[in-house]
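Take a look at the structure below.
Labels run A, B and C following the written order; every chain starts at residue 1.
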């Protein structure tokens, strides 16, 4: 445990790639394909299993679970809760992605119910994290309407209130476990122009928590650093969001673990 | 209003990009990811919100709604109708895409019910428009079996009967509001070899109607011209449908508004 | 019939491309978009129609049906069974893809029920075929955990027990109708790093059985050879799974029928 708690991003990345953890992703229809490709390219093994009839049983064999409310409907919420119960019963970490939870009453209620089930990690954009903390955000749909800096205090409060690691992603990401905090730099201005990359990052956070279940803060930092490094590499030579998305998968696949800790990518906050 | 009614494609494109309208897309499972990427690349903000529990509430905050019956099931039809009611109550335009509605009795019934709810715009391929007008088309599945020219009279009749702008898309598109009509040229022979581009175009029509709610004819023409111009640009250097799809997103992202009115792209019909 | 039974892969590929068969694909949410693109690029016409309300009616007009249990839920199983009944009543071939059927009790039961409906072809990875034969596989999720060679005897037994052609796909594919067998070489080490290619191959097998309904063994061999040849071509110059996926669609689209029988691609086993 002690060694895991101090594992760096490079070490966790190498461990993730070596063990190819099975990650159960309950994510939205828009994200499923790209999230699966992101996990495969990064080195994990994705499994999209959502139905109430099997989601809980599967969560017991997966290394981690991720839950995303992007395209919500009642049948899926049942599967999400069953999967969360299964993951928790097996001592597995799970990650919540509260996509645009502020947009409708139904979505707000479901997000609140899931948050009450104590996720290991919550990942959202600034608008989502501000609203989850009870604040008023500028967000309308799935795209962020607020800068990351404005969500930092909300993230710290959410983290302490729910015992979860909270990640706010954007041009520079912010991660906190309520006690420690870090900022992660990199990525590309084209990332918000490709749909479902945030949702896919949530799944990748799951993959890293699967190989460091006792160190969710470090795992989240490592996942975000992986995305930031691959995004930065993919940006070089991209002609727009189409070619960026292609290059991003190539970059995730070819990523050198050591590149995650180069320069100022990860800084304490 | 008058100024909107005479706004050209270039002006509407610039306005759409500047305001990044929130567009609620209820579309099929095949199209969701590509439609979201098309809207992001073009400059709009897509939101895939379909459940009856929230679709109507969300339609009130979105700038426009699009409804596509590609992968139909009863639960989704409820969400479609709720969303349409929400959009109409809020005075928002909505666009219908009656994918392969002639293929089964269930699909025909649902398409007829949705058409009766008075969409602002209907977009389909020639086979779909001919059959929607009660004619016999050569279509079987989602791919067109008839030339666009053969659907022009059906489009005019449909438009007058339902008070909707009707767009027939193909190698050369045809758009009419029952009174005026236009043809739009461009695109690429590879477009029918990439799935869900027609469905994505329907969502883009939604984005343009969101910024010109009182000028749906001009908005539809501008959306089709955007697709035609990007398709033409993407065709250059494409090695097949895979690289075409990538280049198409890049081209949408890099498109110069002025390019929409160059040469013979848009002609009165 | 005799001529169909002895048709080679090149001839079947040319026939498939010439007739563009309509293939009804009931596949999972992850695979829908890529499977549709694979079929369009290869020359077929995909239709994703799954609801119980129309799946059976549509199966009567499609040339073949494919059923994949990747993202399973009760509503979909009803549609699968209705579609299978429709296809069989119309004398159409249908293909079963038992994705990760061993992972949960629910999935095992559904796979067993579908297998009992006598598919024309079963396609899976080695872990899936071994487990379907009652053996113990190393698989957990959708990724194979066993080598193809280890599944050959299971494939032969399954084929004889169920009267189906059985295909085990991997680095070298194995196909048998219980009497004859073949191995197909080619592809790329990047293929398992792109999600849903196996699911898409199942749909392509459907397209080939549609043009050779009385020769499902030859049709399956031809579909696998098509994938292997396109995968091999796409591997050249690919920088990772992202660019591979793009190049793969281009290669399917540009494939020369004669290339399918070149060298040692297809060997009797």
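Simple rule for what comes next: a contact is a pair of C-beta atoms (placed from the backbone, for glycine too) under 8 Å apart; a residue touches a chain by one contact, two chains touch by 3 or more.
Note that the coordinates shown come from a computational prediction; the quantities given were computed from them, not determined experimentally.
> After a C-alpha superposition of chain A on chain B, what does the rotation angle come to, in degrees rounded to the nearest 5?
C-alpha superposition angle, chain A on chain B: 120 degrees.
> Please decide if copies chain A and chain C contact each other with the same set of residue positions, more than half shared, or with different positions, and reply same or different.
different
> Roughly how many whole angstrom separate the Cα centroids of chain A and chain C?
33
> Spell out, as numbers or ranges, the residues of chain A touching 2 or more other chains.
Residue numbers touching two or more other chains: 29, 33, 75, 245-246.
> Under the stated contact criterion, what part of chain A meets chain C in this complex?
Answer in residue numbers: 20, 22, 29, 32-33, 36-37, 40-41, 45-51, 53-54, 57-58, 61-62, 75, 245-254.
> Would you mind writing out the residues of chain A in touch with chain B in their complex?
It is residues 28-31, 33-34, 70-75, 100, 103-107, 140-143, 192-196, 239-243, 245-246 of chain A that touch chain B.
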